Amino acid sequence: MRLIDYANPTRFLGLVAKILPWLAGATIVTFAVGLWLVFFRAPADYQQGETVKIMYIHVPFAWLSMFCYMTMAASALGTLVWRHPLADVSAKCAAPIGAAFTFLALATGSLWGKPMWGTWWVWDARLTSVLVLFIMYLGLIALQETIEDPLRAAKASAVLTLVGVVNIPIIKFSVDWWNTLHQPASVFRMGGSTIDASMLVPLLIMAVAFSLLFVWIHLMAMRNEIIRRRIRTMRMIEAAGAE
Amino acid sequence: MNALLALFAREWKLAVRVGGGALMGALFFLIVVTVVPFGVGPDLNLLSRIGPAILWIGALLATLLSLDRLFQVDRDDGGLDLILMGESPLELVVLVKCLAHWAATGLPLVIASPLLAIFMNMEPIAIGATTLTLLVGTPALTFTGAIGAALTVTLKRGGLLLAILVLPLTVPVMIFGVSSATAVLYGGMPFTTPFAILAALGLFAMVLGPVAAAAALRHAGE
Amino acid sequence: MNALLALFAREWKLAVRVGGGALMGALFFLIVVTVVPFGVGPDLNLLSRIGPAILWIGALLATLLSLDRLFQVDRDDGGLDLILMGESPLELVVLVKCLAHWAATGLPLVIASPLLAIFMNMEPIAIGATTLTLLVGTPALTFTGAIGAALTVTLKRGGLLLAILVLPLTVPVMIFGVSSATAVLYGGMPFTTPFAILAALGLFAMVLGPVAAAAALRHAGE
Amino acid sequence: MASPVSSLEGRTLTLDRGGRRVLADLSFRAVAGRALVVTGANGAGKSTLLRLIAGLLRPVAGDLVIEGGDPDLTIAQHCHYFGHQDALKNQLSVAENLAFWRDFFGVADGTVLDALDRVGLARLIDLPAAYLSAGQRRRLAFARLLVTRRPIWLLDEPTSALDAASEARLLEIVGEHLDAGGLVVAATHLDLPFARIDGLRLGPAIVGEAA
Amino acid sequence: MASPVSSLEGRTLTLDRGGRRVLADLSFRAVAGRALVVTGANGAGKSTLLRLIAGLLRPVAGDLVIEGGDPDLTIAQHCHYFGHQDALKNQLSVAENLAFWRDFFGVADGTVLDALDRVGLARLIDLPAAYLSAGQRRRLAFARLLVTRRPIWLLDEPTSALDAASEARLLEIVGEHLDAGGLVVAATHLDLPFARIDGLRLGPAIVGEAA
Amino acid sequence: MDLGNHAGFILASYGLSILVVVGLFAWVVLDGRAQRRRLAELEARGVHRRSQGQSQSQSQGMGMSRSAQPTTGDAR
């Protein structure tokens, strides 16, 4: 079967049904290994003590919040340029997951910040840019929820997603620049630019685990969305048939 | 009575179904609060001082943004004509529409404001005071805004002047709202005096708004 | 060319004759500037410090107020269909509409800002700098806002949603606008660097806004 | 209909719109059980007359009187107005749209389901109004006249946008309303085959200054 | 007309709206000097077809081809679309409304006054469009087709809201357009007495899922 | 396992993460069930997509006159 065949939603559903159990298993196993490493193997940081354990979830959430947006941007291209029938389903389903992960990056960051920096929140470059990203997710969700026709909603949010991509580096860059003007950045740096393997390995495993989780939830959400659209179509058919 | 309940329910549904309506107001509020530090700079002290004003400005804008078509949509689809032919007095209809709109848009703002106040680094007492003033003051904004919304339905050519008259009506509400919230901060002045005036303004707007808006709407069909 | 000139003339006439939107914007601007001193307290020094930021925030929010019907009116009366069938590229049509909208809504804000800056106790040089940045920056706000207006063109009460979509996109413009205005105040940094970036952002928005808005509008008709 | 109206009479009605005289010294009489069909060229004032009866416009001179009806209510409150606009909200379902107007207009005279059934929309009861086609929208708007009975129906080009089958159905419902002692004032350029018709022809649009 | 079009052809056009297939494998041919009259029940897809030709909707399959015309222009740019919406601004006068569209559509083919005269609105030239009645608005919208000549006219229920005299005048103008070698595609459920008609009957709405 | 004197923060961040992730997961699963149930309902009511039931849907007929017969029995 060629890749293009997966464009057919029915085939896609069949494929998902086959993949999901494996994906579930892999996710659970990776999480088990990762968490074991984090809680029973990884050392405490000499500066931060045990709070460094927050890193193992904070950083994957932060990475995934951006990865998820890029997934949506790629899907947006698929919607606008190639008009791939699954692209907008993918984009729509990624948004809530991205929003949740971004929220968790913010929350775990705040929870880490309180003991480390002594404050829950500062208007610093990185923090603010993540907050803006969170807002963009919510805006996209609101747009998708508000426009009734799924196709039109998909195209509108695809345009917005792509415009937002252009903005992300600008936000980061300009905020850095703005920050130096007023107060020195309090951005945390690991002692040295490289992380010790005893921390890096668990971190990477956790990152893989969260990525698998993302794919898992995403595929299930896509399946729901495809069915939802079928239901919508059938109700419209019912409507037309009733005349 | 039944008619007005039905109206309230419908308006509420409409407000909420536009993209999770209630959340939208709160989200907008969050964005305003996010944008301010970009402008003013990240000085937490300064932020906490202008906090109440920013929250109030955000509330005013959120009200204006969501209000301006309160009646226009009904006029455009002909619903206003039918409402005029109903047995409920137009003043009460306007009142109910405003209440539903406030419940769906204003109330979430009030509820979200303590959280956002934390972002602005405001102190607990200032947070409490600001939230309280918003609770009392946002309905007044809605009722005053309703006059403007009704006028935009009727305005043809000459009526521009009227629009100019409406927005300034919100200025007293804003001023007393912000000053009673900040009174707590500086302590120079008692909280209760401006707050009492704010409450009085709110009651006044609750009468004036529906009466004036209804008067404007009656001429909308002509 | 003639077509675009005609469009500009019509949009201008409409903006001026309806007024509602344009005036609401200017009045809102005035209210923002009036209310902030009440929040900040009577500290004139502080006021002059945050003056540029307040003017910028006011301009940003005022632009949002008037944008939401930029395309909606045309869509509702079928004019958008005809515009799509014309020989002028949609991108240029959007550009011209934005320019007319800015001339009728943004320009008054810019013109009013020196006056309001005096209220904020700003110094002449800061007033000049702020006005200049507003002159260069407000078109960028309009062009960015046009994207939101195009995205929400099919929605009846999209004002708040539009604001939510647009505000994150306007953050860079805000940052460089305010920082070039305040650079003059503190002197720590040259005015020209952020100003040049602001101008560049303006040009960028002038391209991106019409292109994205046109793309959104093309799909809205389906 | 709780309190039937036996006649609706206009006496030397005069009305200005936009500074111009649209109706001048117009008198007419509509009686229960008969349809008053208002015809005339574009701009003659047909819609204006209907809106005047509906209380949406005020005459500068002349009177509008009904015989019968509920003395506590205004004339407008005896009327249903079925104009070009459908007053439907896309975000609400078919049933919600109709139920709102039933509740808003007070005393209900039949269920939403019955009314939808009459206009052939019963199966769409849970569908958002946004999904409806032009013809379905118009029928849903018409169903509003059935959930709360009011004695006077004001119909402005009622059959526009309807295909032949729908039109026949609408005329049948109007006929039943007349049989039940209702009044109908209809503006149209087409020939509407109502059973019992009184005609009212409005002159060409009077273009001139208001007095 | 600068560059006359000799025919407009649709080949196995298929189109989905809102997830449903509205047109399936539709082919038709409209030729210069003749009117293609599209009929069908409510919701059959008449308006959809016209909007497709006007370039406002994209087919999922099939082609639209013209013979003749200006090769630099798209098909849509050869068309005038006269639909239900009038694209009039209430704040502008009758003349301003029309003049804008003349300028926007490029090469003018006659004055605003002439066009208004043809549709019988010359006396209202300075009135704000807000003051027009339903039929008058429609005539003003139609005048737009006269100020800039384009070879293909797409008319969606062109005579709705028009009185008998206006309808006759409209048919006359359409006839002249045909005589001058223009094309007309008209959707209607009434019988339109055009001189030279080709018929296209759309079946009942094809109900099904978009592929 | 000793989490030091900031145990509260660590537990809070892990706890919150679990809460949100599980919430997301539950939402997806419940939503999936609801959609499948509605699909089954529609299919039981005899509504088909074109690929399955073209001829069927066309034979339903159009026009108001048909629904003059009470069709309310299968309306819901």
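The first chain written gets the first letter, and so on, giving A, B, C, D, E and F; residue counts start at 1 in each chain.
Here is the rule we go by: contacts are C-beta pairs under 8 Å (C-beta built on N, C-alpha and C of every residue); 3 or more make two chains touch, one makes a residue touch a chain.
Note that the coordinates shown come from a computational prediction; the quantities given were computed from them, not determined experimentally.
K.L.:
So, comparing C-alpha centroids, which chain is the farthest one from subunit B?
P.N.:
Relative to subunit B, the chain whose C-alpha centre sits farthest away is E.
K.L.:
Would you indicate which pair of chains has the most C-beta pairs in contact?
P.N.:
Max contact pairs: B-C.
K.L.:
On C-alpha atoms only, rotate subunit D onto subunit E and read off the angle in steps of 5 degrees.
P.N.:
When the C-alpha atoms are superposed, subunit D turns by 175 degrees onto subunit E.
K.L.:
If you take the mean of the Cα atoms for each chain, which one ends up farthest from subunit D?
P.N.:
Checked the centroid distances; the maximum from subunit D is A.
K.L.:
On a C-alpha centroid basis, what's the spacing between subunit A and subunit E, in Å?
P.N.:
Each chain reduced to its C-alpha mean, subunit A and subunit E end up 48 Å apart.
K.L.:
As a quick test, compute the distance in whole Å between the mean CA positions of subunit B and subunit C.
P.N.:
Using C-alpha averages as centres, the distance is 23 Å.
K.L.:
Could you please state the distance in Å, as a whole number, between where the Cα atoms of subunit C are centred and where those of subunit E are centred?
P.N.:
The answer is 37 Å.
K.L.:
If you average the CA atoms of subunit A and of subunit C, how far apart do the two points sit, in angstrom?
P.N.:
Going by mean C-alpha positions, subunit A sits 32 Å from subunit C.
K.L.:
Touching at least two other chains at once: which residues of subunit E meet that condition?
P.N.:
Correct list: 18, 41-43, 91, 128, 130, 205, 207-209.
K.L.:
Hunt down the residues of subunit A that sit against at least two other chains at once, touch-wise.
P.N.:
Correct list: 132, 135, 138-139, 142-143, 146, 151, 178, 181, 230, 233, 235-238, 240-243.
K.L.:
Got the subunit F residues that touch at least 2 other chains?
P.N.:
49-50, 57, 60, 62-64, 66-67, 71
K.L.:
Show which residues of subunit C lie in contact with subunit A when the two form their complex.
P.N.:
For this pair, the touching residues of subunit C are 147, 150-152, 154-155, 158, 161, 164-165, 167-169, 171-172, 175-176, 179, 188-189, 197, 208, 212, 215-216, 219-220, 222.
K.L.:
Quick check on the complex: what are the subunit F residues that touch subunit A?
P.N.:
Counting only subunit F, the residues touching subunit A are 1-7, 9-10, 12-14, 16-17, 20-21, 23-25, 28-29, 31-32, 35-36, 38-39, 42, 45, 47-50, 57, 60, 62-64, 66-67, 71.
K.L.:
Residues of subunit D touching subunit B in their complex?
P.N.:
My answer: residues 17, 51, 54-58, 73, 76-77, 79-81, 83-89, 91-92, 96, 99-101, 103-106, 144.
K.L.:
In their shared complex, at which residues does subunit A touch subunit F?
P.N.:
Those residues of subunit A that touch subunit F are 39-40, 44, 49-51, 53-54, 57-58, 61, 96-97, 100, 103-104, 107-108, 111-112, 114-115, 213, 217, 220-221, 223-224, 227-228, 230-231, 233-235, 237-238, 241-243.
K.L.:
Where on subunit D is subunit E touching in the complex?
P.N.:
Against subunit E, the touching part of subunit D is residues 17-18, 20, 40-44, 47-48, 84, 131, 133-136, 157, 160-166, 189, 205, 207.
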